[in-house]
Amino acid sequence: MLTDEFDPMKGEMLRVMDEEGNVDPSLMPKLSDDVLLKAYRNMLLTRMADDKAVKLQRQGRLGAYPPSKGQEASQLGPAMALKEGDWLVWAFREMGALLWKGAPLQTLYLYWMGNELGNVYPDGARITPAVVPVGSQIPHAVGIAYASKLRGEKDVTLAYFGDGATSEGEFHEGLNFAGVFHTPNVFVCQNNQFAISTRREKQSASASLAQKAIAYGFPGILVDGNDVLAMYAAAKEAVDRARKGKGPTLIESFTYRMSDHTTSDDWRKYRSKEEVAEWERKDPLKRFKAYLIAQSILEDDELLVKEMTEIVEKAAAEAEAVPAPSRSDVFAHTYAEMPPYLKGQLGGGGK
Amino acid sequence: MLTDEFDPMKGEMLRVMDEEGNVDPSLMPKLSDDVLLKAYRNMLLTRMADDKAVKLQRQGRLGAYPPSKGQEASQLGPAMALKEGDWLVWAFREMGALLWKGAPLQTLYLYWMGNELGNVYPDGARITPAVVPVGSQIPHAVGIAYASKLRGEKDVTLAYFGDGATSEGEFHEGLNFAGVFHTPNVFVCQNNQFAISTRREKQSASASLAQKAIAYGFPGILVDGNDVLAMYAAAKEAVDRARKGKGPTLIESFTYRMSDHTTSDDWRKYRSKEEVAEWERKDPLKRFKAYLIAQSILEDDELLVKEMTEIVEKAAAEAEAVPAPSRSDVFAHTYAEMPPYLKGQLGGGGK
Amino acid sequence: MMMNMVQAINSALAMEMERDPSVVVLGEDVGVDGGVFRVTEGLVDKYGEARVIDTPLAESGITGMAIGMAFNGLRPVAEIQFMGFSYLTLNQMINHAARMRNRTRGRITVPMVLRMPYGAGVKALEHHSESTEALYAQIPGLKVIVPSTPLEAKGLLTSAIRDPDPVIFLEPTRSYRMLKEEVPDGEYLVPLGKARTVQEGDDVTVVGWGAMIPLIQRAVANLQASVEIIDLRTISPMDSETVVESVKRTGRAVVVHEAPRSFGPGAEIASRIYEGAILKLEAPVERVTAPDITVPLSKGEDHYYVNEQMIRDGIERTLRF
Amino acid sequence: MMMNMVQAINSALAMEMERDPSVVVLGEDVGVDGGVFRVTEGLVDKYGEARVIDTPLAESGITGMAIGMAFNGLRPVAEIQFMGFSYLTLNQMINHAARMRNRTRGRITVPMVLRMPYGAGVKALEHHSESTEALYAQIPGLKVIVPSTPLEAKGLLTSAIRDPDPVIFLEPTRSYRMLKEEVPDGEYLVPLGKARTVQEGDDVTVVGWGAMIPLIQRAVANLQASVEIIDLRTISPMDSETVVESVKRTGRAVVVHEAPRSFGPGAEIASRIYEGAILKLEAPVERVTAPDITVPLSKGEDHYYVNEQMIRDGIERTLRF
């Protein structure tokens, strides 16, 4: 068990691939070349779609947007460990994970453009919508997993959240419930070192976030979040554990938010260029690409970049082509059935 | 440091005095015979005042009441470690601690009789009022301690709560804040094994509650809560640590609620007589009395019992003699200054 | 069978759990203890610990977990021990339960019930006598229901459990064991969103709900005036039509509630009456409510609670206007 | 000095921190970042990290800690990043801040301010456009204040910080940078609990607050009718006298708010107007509000927000009645 080998209380961190893309074969998870390539495609698409979203925002074509840059590996690894029937519960900075699980890029753009239809994923995708109140999705993940378990289904529920979220009461209540009910949950804390301007060190005096699992009676593991192979390996073990009925796991992904908190933020207010440059060296894409090239799984990504550019442009155009909701759209889903006075308000304009 | 010697992760528990009242001299805290005797008086008074409160409730002379029986040592030990200027933040089952800190018994009775004047303690007692919403007092304790620290005062803030409270988000948020701000706080979790009918094991999958401190970056210690000397020793160390600016401590007092949750409860619904009898053997009063007699600090407590009976009867009579609040009493303290419409309502009777 | 309200609620829960395996009950002490008011008594024996779930002590966790359960096909009925602790659920109820249907254009919904005892009258501790129904009623997407009798409780709770939307079900503590009445053993439904005319009359319309209904009945029993009593049942989405139609006939209205006056439900009801029946109104709508202060501890409670005399005074003021 | 509302609030905070060492500011990102709206910008440089406190991400913790600080002699000004996250504070605000004075018969009090941006109009994410002031206003013991201009913001916030009771201070996001006006550099106080007559008139009284005030002003600028505009400033405890006196003169009233209609503040205001001025009223009180639905994401927001035309329509309905 990786969770036995890597003890967060001793400061141990799981890493499969070093910063130059060299892999420790004893830790290398089983993954076909095809899947590895697909993973790289996902990370590249996420990076490029992210860039585009920021550009669209600057042009006033998309609202406030939280960039994923730097966290592509961190998000993708866990999603790769899921099967089709598994649930994915996200916060708001996990585009790559959603793309892997089957959410179309144009749908994600549509959400950030301010249309509720952007929360409608393909049937059976089992993805919950974006959650803005930090940490509040964590108890949902426990309830979803409880329902699966109650019906004797083998589906696992994976929940993402940030380092900041670990301070919220709902993180605590959710993880405590998961421990008590032994639900098939995997909790992934993307520790990107910041909650807006607030550094991880100011978020908690706990030496690691992974060790918080000790308070809930289940394993926690600290993982290099810029190493997609390590994130996959840790999550695969956790997902298998959950599926076998052996309870939840907390994974702390140690990563870095390379861009602003959202497009409304300016990171220069609270961190140095040197710090950011330091992390740019650890870019999860570069690292993975180096590995794939060394393994001859990838030659170069020029063509891929071109292909992704087209996908991104097409998705943006499609999202922009979706008409704004009608007046009746914004009224119709308050209740299953519209109460009489609401019908009056719908019709009445000013009243 | 006791917190180094007794590691909750290894299941270690601090105990100074065994169940027969024999003391481990290497762990015995420094306490004069006078203070030891005063401690016993307090525990006896608490026990007897508690009995009386239950009787008063049965006679309809006092409202719903949460008995302390069995937890006298657990509450008293920490309070004994406080100095006058220190703050005591309680929940609702810490009568003994309050009596030690200077709250008159008649005031406590008055509260349970349903009069807000029962929350008015002598000037400078530095006791916050009873808090019913479980766990919600914990962040207050952090704020109080922060204020002391900001002004450079050396006062420590001690907060009590139950095992059930550790599940609430406010426990988590409060302790996390205390860790981050390194406030002069001591947190005492009276683990009496139950939250109403819910057993400690169902409250959290964490092996101990003390180990939850690991999530907040400060020490936690598990203590035999029926051993007043151990509770004092652990709290003394923690209070000293806080006073020296070395941050908070979490103390788990392992004890047992020998009576009902409140007078509205019936423990026979959810636990066996055998289980309760087992814990009656461990009664903190018996144990301490055996020690005091062996040390010739106490000969017998017959006289004390008589004295305490008088104190209790007098307090009950005094509390009952306090007149019910007037209409203007219940209106006057909504705001510092009464808004005009509220004056109207005060005068208006029905309106 | 003759049942008090506790038994009637228990019966509704048992029936729905029997009928639909997706119904689960969760909360603090709802299992072997049967809940602090014994409302869930016996359910764990019949349906097991996996469906009658004793939770850790965490209201936000209970609510958030119930919401997640609802996403994944269950129909959770969550109990909050007292309304005064339900403020811990508001982030989940307002930001998620109420909005999920709209947020996903109907794809993910939250068919859950949040049950809790509410209101005063049991000489209880602080926070055990709250009547803050307006907190919930103002949130679009939530339904707020208050039963006034055992029969009503059974029928309304059954409908609430089957309702596709999140329902706050407020149980008047004072009425739990106040009276017994005949309640069908089998299935019994009362539709949500329809007020009930308890008693017809011509001179004045008195609107209330929950524990106020028997109080109003007693208050008006010996009055000369002909009083129409309406049990609102659903605070939101409110059936103001029934109220407005009645006031159009009587020309006078009194609203009675346990909550403090200002920003209480009475303000909305009064406003809808004025808006719908102003030309027929012969007097301003009277609001008979608690004053704008914190609920006092038991020794001071007589200065707080609405009583029969206050209701009669309110009626008289409107008749005399 | 010419200031926008952000600057005026910053100026009030700085002045009070300067004047009284017991004033502290706490919240998420209020330190080096200066708050997400830059309201606390520069304060940490002047007053240090111990008094301008970046907290972990936990609203209940922030509020509970502020309450504890207030017990022990500080005057905390806590920031919640957006009103949509303030529901996490309600347990602390309702069960403790609002009640501590009454609970201890005045011995322990909670002189704190809970500041937060509120209301819509910045095309923001979900939960960033809330106007749930009635949640707070219905709680006895809390004060709820909304400034409508930079000058007002400075004066009201200064009073709020000095007030002996807990104050919810709602800052209309839309007005943060909308306009600049002359605001004194030095001390400036506006008393809490007194409404302000923005413009006098004889035909109809329009009541609003916050971002609605400039909207109302624009809406009525070219009307034939003579409109009296009242800025309520304090939602609770409400100065209904000023409103009622005005309506007694004009005979007509329109209440404008961003919150959904049902159980919104407009219901209470309308009720007090009816109760105080019914015999002078020539038409029912018009409520111009958002509809009873969840705030839509930005593409749908035009179907939600109150606009100038809706205000003019409301005025016309009351004039035509």
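Here are a few things to note about the model shown:
The first chain written gets the first letter, and so on, giving A, B, C and D; residue counts start at 1 in each chain.
In this section, contacts are C-beta pairs under 8 Å (C-beta built on N, C-alpha and C of every residue); 3 or more make two chains touch, one makes a residue touch a chain.
Everything quoted here is computed from the prediction, not taken from an experiment.
Among the remaining chains, those touching subunit B as well as subunit D are A, C.
Set against the C-alpha centre of subunit B, every other chain centre is closer than that of A. Rounded to a whole number, the gap between the C-alpha centres of subunit B and subunit C is 36 angstrom. Each chain gets a centre from the mean of its Cα atoms; for subunit A and subunit C, those two points are 40 Å apart.
Averaging C-alpha coordinates per chain places the centre of subunit A 43 Å away from that of subunit B.
Put simply, the C-alpha centre of subunit C and that of subunit D have 30 angstrom between them. Under the contact definition stated at the top, the residues of subunit C that touch 2 or more other chains are 56, 58, 60-61, 84-85, 88, 91, 95, 102-103, 126-127, 140-141, 237-238, 262, 292-294. For subunit B, the set of residues that touch two or more other chains comprises 116, 133, 167-170, 173, 176, 180, 202-204, 329-330, 334, 341-342.
Viewed as a contact network, the protein chains are fully connected, with every chain touching every other. Chain contact summary for the complex, subunit B toward subunit D: residues 87, 116-117, 119-121, 128-129, 131, 133, 136, 138-148, 150-151, 169-170, 173-174, 176-177, 180-181, 329-330, 333-336, 339-342. Subunit D meets subunit C in the complex at residues 84-85, 87-88, 90-91, 94-95, 98-99, 102-103, 126-127, 132, 134-135, 137-138, 140-141, 236-238, 259-260, 262-268, 270-271, 274-275, 278, 284-285, 287, 292-294.
Residue ranges of subunit A in contact with subunit D, taken from their complex: 63-64, 111, 113-116, 118, 130, 132-135, 164-165, 167-169, 195-198, 202-204, 264-265, 269-270, 324-327, 329-331, 334, 341-342, 345-346, 349-350. Contact residues on subunit D toward subunit B in their complex (touch as defined above): 24, 50-51, 53, 55-56, 58, 60-61, 63-74, 76, 91-92, 95-96, 100-109, 140-141, 143, 163-165, 193, 237-238, 240-241.
Here subunit B touches subunit A in the complex through residues 9, 167-173, 176, 179-180, 182, 202-207, 211-212, 214-218, going by the rule given at the top.
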